[in-house]
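There are structures below to look over.
Two complexes come next, and they have one chain in common, subunit A, joined by subunit B in the first and subunit C in the second.
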Partner chain A sequence: MNDMRLVERDVSNRQAKIEARGVQVHYGEKHALKDVDVAILDRTVTAFIGPSGCGKSTFLRCLNRMNDTVASAKVSGNITLDGQDIYDPRIDPVQLRAKVGMVFQKPNPFPKSIYDNVAYGPKIHGLARTKAELDEIVETSLKKAALWNEVKDRLSAPGTGLSGGQQQRLCIARAVATAPEVLLMDEPCSALDPIATAQVEELIDELRTHFSVVIVTHSMQQAARVSQKTAFFHLGSLVEYGETGQIFTTPQDPRTEAYITGRIG
Partner chain B sequence: MSDVMAGTPEGARGGSLLEGSARTKRRRAREWRMKAYGIGAIVLSLSTLFFMLATILMDGVSAFRQATITFPLTVDAAIVDKTGNRNVEEMAKVTTIGYKRLLSQGFVAHLAAAGIDTAGVPEKDLGDMLSDDGPARLRDMVLADPSLVGQVVEVSVYATGRIDGYLKGRVTRETAERDTNVTPEQLDLADNLVAAGLLTMPFNWGFLTGPDASDLRPEASGLGVAIIGSLYMMVLVAIFTVPVGVATSIYLEEFAPKNRFTDLIEVNISNLAAVPSIVFGILGLAIFINFMGLPQSSSLVGALVISLMTLPTIIIATRSAIRAVPPSIREAALGIGASKMQLVFHHVLPLAMPGIMTGTILGLASALGETAPLLLIGMVAFVTNYPAGPFEGGVMDPATALPVQVYSWASRSDPAFIERSSGAIIVLLVFLVIMNVAAILLRRRFERRW
Partner chain C sequence: MKEPHIHTAFDRDLEAVQAHVLRMGGLVEQALLDAAEALEKRDEALAQKVRTGDAAIDALEQQIQSECARLLALRAPTAGDLRMVLSVMRIAAALERAGDYAKNLAKRALVLSNMAPLDGTTATVQRMARTVVLRLKEALDAYIAQDVAVAADIRDRDREVDQMYNSLFRELLTHMMEDPRNISAAMHLHFIAKNIERVGDHATAIAEQVIYLATGAVPGEERPKADIVPDVSAAEG
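Entry: the complex of A and B
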């Protein structure tokens, strides 16, 4: 919000939820992310686009400290969630990940029942005191993920028995169940067929009313369809960040233009 | 067709698709040879296995039957209770020599009474057809129940190893000629006893339950002590190795930093798995017996030594089971805010459990067959007393183990022990098969829980 570039017409009333300043990531010798500054707005869908290996997934994984699990990864710079430095040593990454949920490229439900998949997060974070409360969280989460009607009669069936698209929506329900403030999605549709993709995209638009969504995607059409803000990454740098419509129609940087017109990538 | 094909490179190679080119034929031949080698290797190993099993079965099955002579015997008070007051302490002064006389006399008397042709066997040799195991058992029976004195009881006594061998075809009249322990006349009498129904071949429970016996009475030797010893060891090995092995694996896989020190640990675990087992025996002798002063020949020391050998196997199996848990599940759990502990105990361990179980049971199965280290810590001893119960310090009592029993029987001179050691191998194999089947069943059961 204090960066003039971020003031956009349709999301101008939104506050910055996550602010990143000078974020650098090294994987051993490899400099994977160079000096990224970005502000993710509240209740907005932000798309990260760019060619393979450009650092967009790396940056996404910095936002909930999933890079901590990679031994060789070194993150520097400053990322704040609601003004709080998430790399502060006093911060518990476990708490952070309850607030910043994540959905992965490949649907990865736990090999448990549909119910247990969704109930797992609330259980470990103590969000429900009674069974009835837990039941309600499971139901509302599955409803938010537009899966309730399909699975309400077989909540005890294994989550791994669902179709690919249903599994991905189950993973979204699982992430939604911990009442996150930000939802990170790492190419959530790349393993799905077009119909399932359309369902998930519709869902993303729906989820935007509750919290910020950050989506990494390879598909520029998808970015254009679901997001209000788009960031273009190239060779580890954030090249351009702005309103989605502006990025796709009047890109400021020649590299962005080259990418969206298909000349690099 | 040729019009279409003519312009293409495939067409240029010529020939119909029905007839392969020389190159394809060579490729085919190579494939066929590869398959033939594979099938040949399988046939070779299966036939070796079959040959081994067949030999063991042929030699060993007879150990499960035992020639037994059954006859009514009057427990003569004049021999077993001279004072006549049925005082157990007084009666205990009569040794097995007295009971041997009692049995011989009773046997001779019954043969005469039943009118069985003794085939010219002198009276002295008649009693020698009964195992020396008989008097001891009769003595125990009478001392346990003094009211039997003066009564007529039906006694079943093992026939000696030679008579047993005759009924199993191991002893013939020709070998009996040269044998000082048996005469051809005794064999004739054995035939008569069989005809009269006195000499039978019932299932030999004593082989499974009885303790070992000396070279002089192979017919009385049993696996009881060895089975108890092996059982104690397996339970103790499982108790020692599973918690330590699983904890080690979890720490190394999930928590340990990757540095030179943990690399060193990893290399050494693999090395430990390759150390010859006899070395562990020497280690056990030096540490557990000489340094810590634990009793020799005890199942506890055996279990400790075998645990050292089994640990690397279990650690390696557990680590690979943990590593096989898909990273996507780890990401899912971490991404939702699970802690390391929750990740391990809610997701990784349940998924790795079938692999851990299988690895553990297979490790235990190979431990069950381990012999060399047990020889060094004295479990090859001749043990005729059963160890006490597991909660009465039985693990500290001297015991043997199944494979060691096989070894010690195989090295004895009496040919009757050949069938005994093969029989012991059959028992050992049955235990191994049971453990392997258990591994498979557990694996199936756990895998079905997705």
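Entry: the complex of A and C
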């Protein structure tokens, strides 16, 4: 079945979901991101790696306009989702973030029940007309996040009462519930133990049959395990972007090689 | 040279395993030279020394393989580091085979020391052995220096050994046709020559690992070859 695995990892026939051209970000005087061009593929896991302060999280936050909320941030260049400019003034950032969901480093469930955590997004975006429809969305989302079996008997229990790994999967279910097309994950496993990490990684692999997943990670092994494409950022520039296997065996840029082999901090 | 790793123990591990490969190379080179000399000088004690010495080469190969397994498991090497570990494993395997050929040469030298000599043939074998040992040494030096140009040159020069083998093949054929009583010795010498020629192929394989290590690309099959199956009929002999 090795051949199947290779086919599964082959994303060369995927279309671009998000295209970024000449993206620059300034935080006040600081030039945080310099002229990034990249095409994020549909139904593919893309990992962003690089040392702290390299611009990978900054770029991730450009993809659903999270940087809008940072007063000093100034984003220029062009980012399209399915060909549509996401910085177009007619685009509602709240609607955009329903399509381009986000999961953060630390699990941050709302101080509400498990059910309400997942139902919140669909409610405010009017995705369900009846209680039955909402129940359906909650169940499907929890199933997609591989959490349903663990919580189906206690949906009214507080989300904050779950374990760390379960909370993170709850946050993934919450992001999945608004039927996103892209899921952005900013170090989603850094607060989890190895078992919970493996579960979330397995989940990411399943999610890519439905969405594009972009994951920022400090763990190169995690990038190697979960992604099909890897982008290496350094000092605000996208240094190298390629097929994950190629990046980890024969990187083309000496800076990529130095970083992934543990020669620069 | 590359920058050191942040984990300096990683560099020490990589250097240690490379040092073992060099030591193994040194043992194999000496074994081949000794075996060829034992053949030429009919020195049974030297041939015995080569036979028993192969155990040390095999033990080093085992050690290198287990150190590589540890490196893969504990350090999860990537990029150039990964290629280094993979190439070390293949080079150690090639050297282990070359060591076996030296041992086999020594065994046949013991048998041949009790047979009538065939004029000039053992001297040719010794020349062949010196040439492949030089090739091995150059390949290992190129490996340490990660010198792609030297490695490519070694691949191209594999022809020399092939040509020496082909001419020895003709010589042996002549001896066999002259006197059927030579057949037994000639057959042993032919196996010896063939095995030395194979050591040359292993030197080429090591040179190819240098190219893989340095560039990530495995060279194709387009190198010049002269080890065509000798088509020597009695009439030409």
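Keep this in mind: the second predicted complex is superposed on the first by the 256 of 265 C-alpha atoms of A that agree within 3 Å, B and C clash if a C-alpha of one lies under 4 Å from a C-alpha of the other, contacts with A are read in each partner's own complex, and residues count from 1 in each chain.
As a convention for this text, a residue touches a chain if its C-beta (ideal position, glycine included) is under 8 Å from a C-beta of that chain, and two chains touch if they have at least 3 such contacts.
Computed from a predicted structure; not experimentally measured.
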Partners on subunit A (subunit B, subunit C) - clash or fit: fit
Touching partner for A:46 - first (subunit B), second (subunit C), both, neither: neither
Which of subunit B and subunit C A:220 touches, first, second, both or neither: second
In the superposition, subunit B vs subunit C on subunit A residues touched: B
Partner chain(s) touched by A:101 [first = subunit B, second = subunit C, both, neither]: first
Which of subunit B and subunit C A:262 touches, first, second, both or neither: second
Which superposed partner A:248 touches (first subunit B, second subunit C, both, neither): second
Which superposed partner A:167 touches (first subunit B, second subunit C, both, neither): neither
Partner chain(s) touched by A:141 [first = subunit B, second = subunit C, both, neither]: neither
Computed vertex angle (subunit A) for partners subunit B and subunit C, CA, steps of 10°: 140
Touching partner for A:197 - first (subunit B), second (subunit C), both, neither: neither
Where subunit B and subunit C come nearest after superposition, their Cα distance in Å: 27
On subunit A, positions contacted by subunit B and by subunit C: none
Contact footprint of subunit A on subunit C as seen in their complex: 2-7, 10, 76-83, 216-217
Subunit A to subunit B touching residues, read off their complex: 64, 66, 69, 71, 94-98, 101-102, 104, 106, 108-112, 120-121, 124-125, 158, 160, 171, 174-175, 178
Residue ranges of subunit A in contact with subunit C within the complex: 220-221, 224, 248-251, 256-258, 260-265
Subunit A-touching residues of subunit B, taken from the complex the two chains share: 257-258, 326, 328-339, 342, 346-347, 351, 449-450
